[in-house]
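Below, subunit A partners subunit B and then partners subunit C, in two separate complexes.
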Partner chain A sequence: MHQLSVRSVIKRFGDVTVLEDFDLDVAKGEFIALLGPSGCGKSTLLRIMAGLESLDSGAIDIAGRGVTDLAPENRNIALMFQSYALLPHMSALENVRFPLRMRSKLSREEQREKAHKALELVKLDHLADRYPRQMSGGQQQRVALARSIVAEPDLLLLDEPLSNLDAKLREGMQVELKRLHESLGLTTIFVTHDQSEALGLADRVILMNRGRIEQQGTPEEIYRRPRTVFAADFLGGANIVELDVAKSSRSWRGRFADGTEIPVASAPGLEPGKHKFMLRKEAIAFNPDKSMTAIVGTIETQNYLGSQTRSAIRAGGVELVAVTDSEKTVTKQRETRIGWRPEELVPLQM
Partner chain B sequence: MSGDARRMGREPAILLAPGLFFLLLAFFFPAIQLLIQSFLTVGAEAGRLTMEHYAKIVVDDFYAGVALRTFRLALVITVLCLVIGFPLAVVISRAGKLLRTTLIVLLILPLMTSVVIRTFGWLVILGPGGVLSWSLQQLGLIDRSISLMHTETGIVIAMVQVLLPFLVLTTLGSLGQIPVSLEEASRVMGAGFFRSIRHVTLPLSVPGLASGSLLVFALSISSFITPSLVGGVRLQVMAGSIYQQMTGSFDWGFGAALSVVLLIATLALIIPYMVVTSRAGGKA
Partner chain C sequence: MIAATPRWVIAATAIFLVAVGLYMLVPLLVVIASSFSTSAFLVFPPPGLSLRWYGEILGSDAYLNAGWTSLKLAMTTVVLSLALGTPAAIALSRFRFPGRSVIGSVFLSPLILPSLIFAIGLLIVFSRYASGPSFAGLVIGHTVITMPYVIRTVSANLADIDPHLDEAARVMGARWWQRYLLVILPQCRTGMAAGAFFAFNISFDDAVVALFMRAPNVETLPMRIYSTLEFSPDPSVAAVSTVMIVMTMVLVVLLNRVFGLSRIT
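Up next, the complex of A and B:
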C-alpha cells in the first residue's frame, strides 16, 4: 500500500495552471525529492499535501486515508517551512512540544520528555531553554526539524530544507537529514531547486517542469539517463549536441555540423535525421584510449578549479565544455584529441 | 571627526525640541500649576497651605463615588474594547483588500462624526421608546418601555463605539507583523483555527493589544463630553466634576485636587500595566 498517493490533481491560479493532472505514489519509508525550477509547481504540490492549499480537482490519500477535504490539523503530517516558522514566544523545548500538546494525550511531563529526546536527536538538547531569537540559523533549523519529527507524522514534508544555510552548514545538514531518515524511517518528501541536494538525499527524484513530471527515477538514473533536453540541462548542466544521424550498413553514425563523423550507439527509437544528444562535461577525456569515440578539438579557454579543470573546446564545429581531473588535463597545446565512452552520448527526445 | 560626533548628539535633540517644548508648555506647566493650586486655600484667606481640598474628596461620599464610577467605567470600557476589538482586528487582518478597507472605514466613521450628532443617534436608539426598547418589546423580552439613557450601560455603549477604532488599529499593526507561516505551521502541527489563534496569534499581538488598551483606558478615564451627554448630570464622572468645579462653582483649589487625584490614580494603574505587558511582549 502507498503511504501517499496523489491522483489526477489539477490546480489553477486564475488562468495559470500550476499542476496539470498530477499523479504520484510514494511507498512507506521512501525519501522523495521534488526537483524543479521556480514556478514548476513543486511548492504548491507540497502545500496541497499539507492542506494549506486547496485543489481544483483530484484526490490525496495519506496512509490509506482520504484527506482531500481534511483541514491541515486533521492530517497527521509535519511540514518544515523554508523560514522554519518557529514560534518566537516559545523556547526551543516548547516549540518542539507544541505538536504533542495539540495532538497527543500524553501528560505534560511525558510530552516534555519526548520533546527533549527529539532535541537530543538533532543534538540540540543543551539549548532547550533558548528562544528562537537567541539561536543561529542552523540551530533554529534543527529545532524546526525536531519539531517536525517529534509527533511521528505519517508524512514528513520539507520545503527547501537547506536553502537558508551557508555552504558548510548545508553539507552537515545533508548528512544529518540522511541519518535521521535512515534511523526513523519516516516517509519524507522534500522540495528543492538544487539538483545536488536532490541527488544527494533522495531515493527517488521527481523532476518537475510546468506542473508535470518531466522524469522520475533514482538519482543515478535521472543523472545518467536523462530523457529530455530539459532534464539533461537541469541536472548538472551538460553539452547538448545536435548530430545528423544515419544508418550505414549495420551501425549508426552521427555527423557534426562541420562534417566530422562519429559512431553512435544504437538506441530504441533512434531514426535517421537530426537528433539531440547529451554529453556530460565529466564524460569528456583528453588522450582517449581505443575504446572511446575520439575527435580532434581546439582548446579555447581553461579555468583551473582546484582538483578539476574546466576547458572550453571547439570540436566538430561546436563548443564542448569538459570538466576533467586537473592532473589528466592537457594544458600546453591548443590542438588536442578528446573522446568519450560511446554510451556517454545519450540520445534525447526533442 | 569630533565635530561630527558632537553633531550626532545634537541632531536628535533638535528633532525632539518642538515636541518637547509643546509638551512642557501644554502639559507639565499646567500640571505643576494645578498641583500647587490644590494645596492652596481660596476665598478670603487665599494663598495659605492647606489639605482641605483633598480631605473633602475623601470625606464627601459624592466625590468618592464619582472617582469610583470613573475608574469602573474606564475598566469596563477597556475590557469590552479588548473583547470586541481583538476578533475584529483578526478578521480585518485576514480579509481581502476591499473588505478590509470597507471595515476600516466603517470602524473609523464614528470618529469623523460630531459628538453631538453621535449622541443624539444613541438617544434615538437607547432612549425611552427608542429602537432598542421597541425591538425588545416586539420580541417579548420586556413588557414596559425601557431607556438606557442616563445609565452607566448607556455610557459604556457609546464610549466603546468611539474608542474601539483605537484598539483595533493598534492591534492590526501587531497582527500585520506576524508571518502567515506561523499560523500555517500551527495548523499543520494539529492546532485547529481557534487553538491556533489562542496559542499563536493572541500571544504575538500582545504589544498591539497593550498599547491599544492603554490608549482606550486613558481616553475613557479622562473623557468628558460623551459621559455628560449620555449619562446626564446625575451620573457624573471625574472630568465632568472637574469642569463643573472650575467653571460652575469657581472652586479652583478643589478642582485642582480632583485633577491631581485623577492623574496620579491613572499613572498608578498605567505604569505597572506597561511594565507587565512589555515584559510579556518582549518575549515575542
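Up next, the complex of A and C:
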C-alpha cells in the first residue's frame, strides 16, 4: 500500500493548467523531492496534498484514506512553510506543542515533554523558552521542523526547506534533514528549485515541467541518465551537442558540425539523422586514455574555481565546457586532446 | 568634517521645532499653573499657589459624580468598541468579498466626518424611538465615533502578520474557532490596546456627542467643566483638567511599558 497516492489530478487557475493529469505514488518512508523551475506546479501540488488548495479533478489518498475532500485540519499531515510561520506570541516549546494541543489526547505535561523531545532532536532544547523574534533564522527553522515532526504525521511536507538559509547553514541543515529522516522514517515530500538540494536529500527525485513529470528516478539515475534536454539542462547544466548519427557496418558513428567523427554507443530508439546528446561538464577529461572517445580541441578561456577549473574548449565545431580537477587540467598549450568515456555521451529525446 | 547641511539651516530648524513645541505645550502649562491658584477666579497668572482647588473638586459631589459617569461611559465604550471593531477589522483584512472597500470606508467614516453629524442623528433617533437621550444613547454615540480607531489600529496590526500563520495552524489541526482564539486574536493585542487607548480618551474627552445626548440625570466630566465655565468659572476647572492630563499620561506610560508605543503608532 502506498502512503500517498495522487491520482489523475488536474488543477487549473483560470485558463492556465497548473497540473495536467498528475499521478504519483509514494511508499511509506520514502523521501521525495519535487524539483522544477518556478511555475512548474510543484508548490501547487504540495498545497493540494496539504488540502490548502482544491483540485479540479482527481483524487488524493494519504495512508490508505481518501482525503480529497478533507480539510487540512482533518488530514494528519505536517507542512513546514518557507517562511516557517511560527506563532510569534508563543515560545519555541509552545509552538512545537501546538499540533499536539490540537490533535493528541495527551495531558498537558505529556505534551510538553514530547515537544521538548522534538526540540532535542533538532538540538534546540536549550532555547525552549525563547520567542521566535529572539531567535536566528536557522534556529527558527529548527523550531518549525520540530513542530512538523512532533505529532508523527502521516506525511511530512516541506516547502523549499533550505532556501531561506545562507550557504553554510544550508549545508548543515541538509545533513540534519537526512539524519532526521533516517531516524524517524517519516514519509517526506519536499519542494525545491535547487537541483543540488534535490539530489543531496531525496531517495527519489520527481522532475517537473509544465504541470507534468518530466522524469523521475533516483538522484543518480536522473543526474546520469537524463532523458530530455530539459532534464539534462536543469540538473547541473551540461553540454548539449548535436551529432549527425549514422550506422556503419555494426557500430554507430556520430559526426560533429565540423565533420569530426566519433563512435556513439548504441541505444534503444537511436536512428540515423541529427540527434542531441548530453555530455556532463565533469565527464570531459584532458589527456584521455585509450578507453575514451577522444577529439582535438582548442582551449579558449579558463576559470580557476579552486579545486576545479572550468575550461571553454572549441572542439568539433562547437563550444564544450569542461570542469576538471585543477591538477589534471592542461593550462599551458592551446591545442589539446580531450575525451570522455563512451557511456558519458547520453542520447536525449528531442 | 564637511557639513551636509548649512549651520544656519540646522539652527533655524531647531528654533522652529522649539516654537512648535511651545505652541502645543503652552495651553497645557497655563491650565496646570491655573489649577494651583489661590484665587477664586480663573485668572492667569495665578496670584499665589495652593492645592485648594484639588480639595474643592474632591469634595464636590457634582465633579465626583460626573467623573464616575465619564469613567463608566469610557469603559463601556472601550469594551463595545473592541468587541465590535476587532472582528470587523479581522473580517475586512481576511476576507475578500464584494463591497469590501465600501464597507471599509463606511466603518472609517466617523474619522473624517464631523462627530456633530452623528450627534444630531443620534438625538433624532433617540427622541423618536427611545425615551430621549440617555446613558445608553451616549454609549452608542461614543462607540460609533471610537470604533474606527480600533478598526484602524487592529487592521494595521493584522497587515504585519505572516499570511501563512492561519494556513500553518490549519495544517496543524486547528479548527476555525481555535485559529480565531489562539492564532489571530493574540496577534491583534497591540492593535487592540492602542485602539482601546484612543477609544477611552475620545470618550472621556468628548463634549460634542455628550452635549446633544445630554440627559437630565446624566452629566459627563466635560459637560460638568463646560457648565462650570459657563456659569461660575473658577480654578476647579483647571484642577479637573490637570487630573485628566495626568491620567492620559499615565495611560500612555502604561501602554508603552506593556506593548511598546512605537509598535502602536
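FYI, the second predicted complex is superposed on the first by the 350 of 350 C-alpha atoms of A that agree within 3 Å, B and C clash if a C-alpha of one lies under 4 Å from a C-alpha of the other, contacts with A are read in each partner's own complex, and residues count from 1 in each chain.
To be clear about the criterion, a residue touches a chain if its C-beta (ideal position, glycine included) is under 8 Å from a C-beta of that chain, and two chains touch if they have at least 3 such contacts.
Nothing here was measured: the structure is a model prediction, and the numbers come from that model.
Using the superposition on subunit A, decide if subunit B and subunit C clash or fit.
Because the two structures are overlaid on the shared chain, the partners are seen to clash.
Tell me which partner A:I77 touches in the superposition: subunit B (first), subunit C (second), both or neither.
So A:I77 meets both subunit B and subunit C here.
Using the touch definition from the top, say if A:R147 reaches subunit B (first), subunit C (second), both or neither.
Touch partners of A:R147: subunit B and subunit C.
Thinking of the overlay built on chain A, is A:M1 touched by subunit B (first), by subunit C (second), by both, or by neither?
After superposition on chain A, A:M1 lies in contact with neither partner.
Touching A:A167, do we find subunit B (first), subunit C (second), both, or neither?
The answer is neither, since A:A167 touches no partner chain.
One more residue to check, A:Y131. First (subunit B), second (subunit C), both or neither?
first
Quick check for you: in the superposed arrangement, does A:L87 touch first (subunit B), second (subunit C), both or neither?
In the superposition, A:L87 contacts both subunit B and subunit C.
Would you please give the residues of subunit A that touch subunit B in one complex and also touch subunit C in the other complex?
The overlap between the subunit B and subunit C interfaces on subunit A comprises residues 50-52, 71-73, 75, 77-79, 81, 83, 85, 87-89, 98-99, 102-103, 147, 151.
Give the list of subunit A residues in touch with subunit C in this complex.
So the residues of subunit A touching subunit C come out as 50-52, 71-75, 77-79, 81, 83, 85, 87-89, 98-99, 102-103, 147, 151.
Inside the complex, what are the residues of subunit C that reach subunit A?
Of all residues in subunit C, those touching subunit A are 161-162, 164-165, 167-175, 178, 182-183, 186-187, 189.
Residues of subunit B touching subunit A in their complex?
These residues of subunit B touch subunit A: 179, 181-182, 184-192, 195-196, 199-200, 203-204, 283-284.
Could you pull out which subunit A residues touch subunit B in their complex?
So the residues of subunit A in touch with subunit B come to 50-52, 71-73, 75-79, 81, 83, 85, 87-89, 98-99, 102-103, 131, 147, 151.
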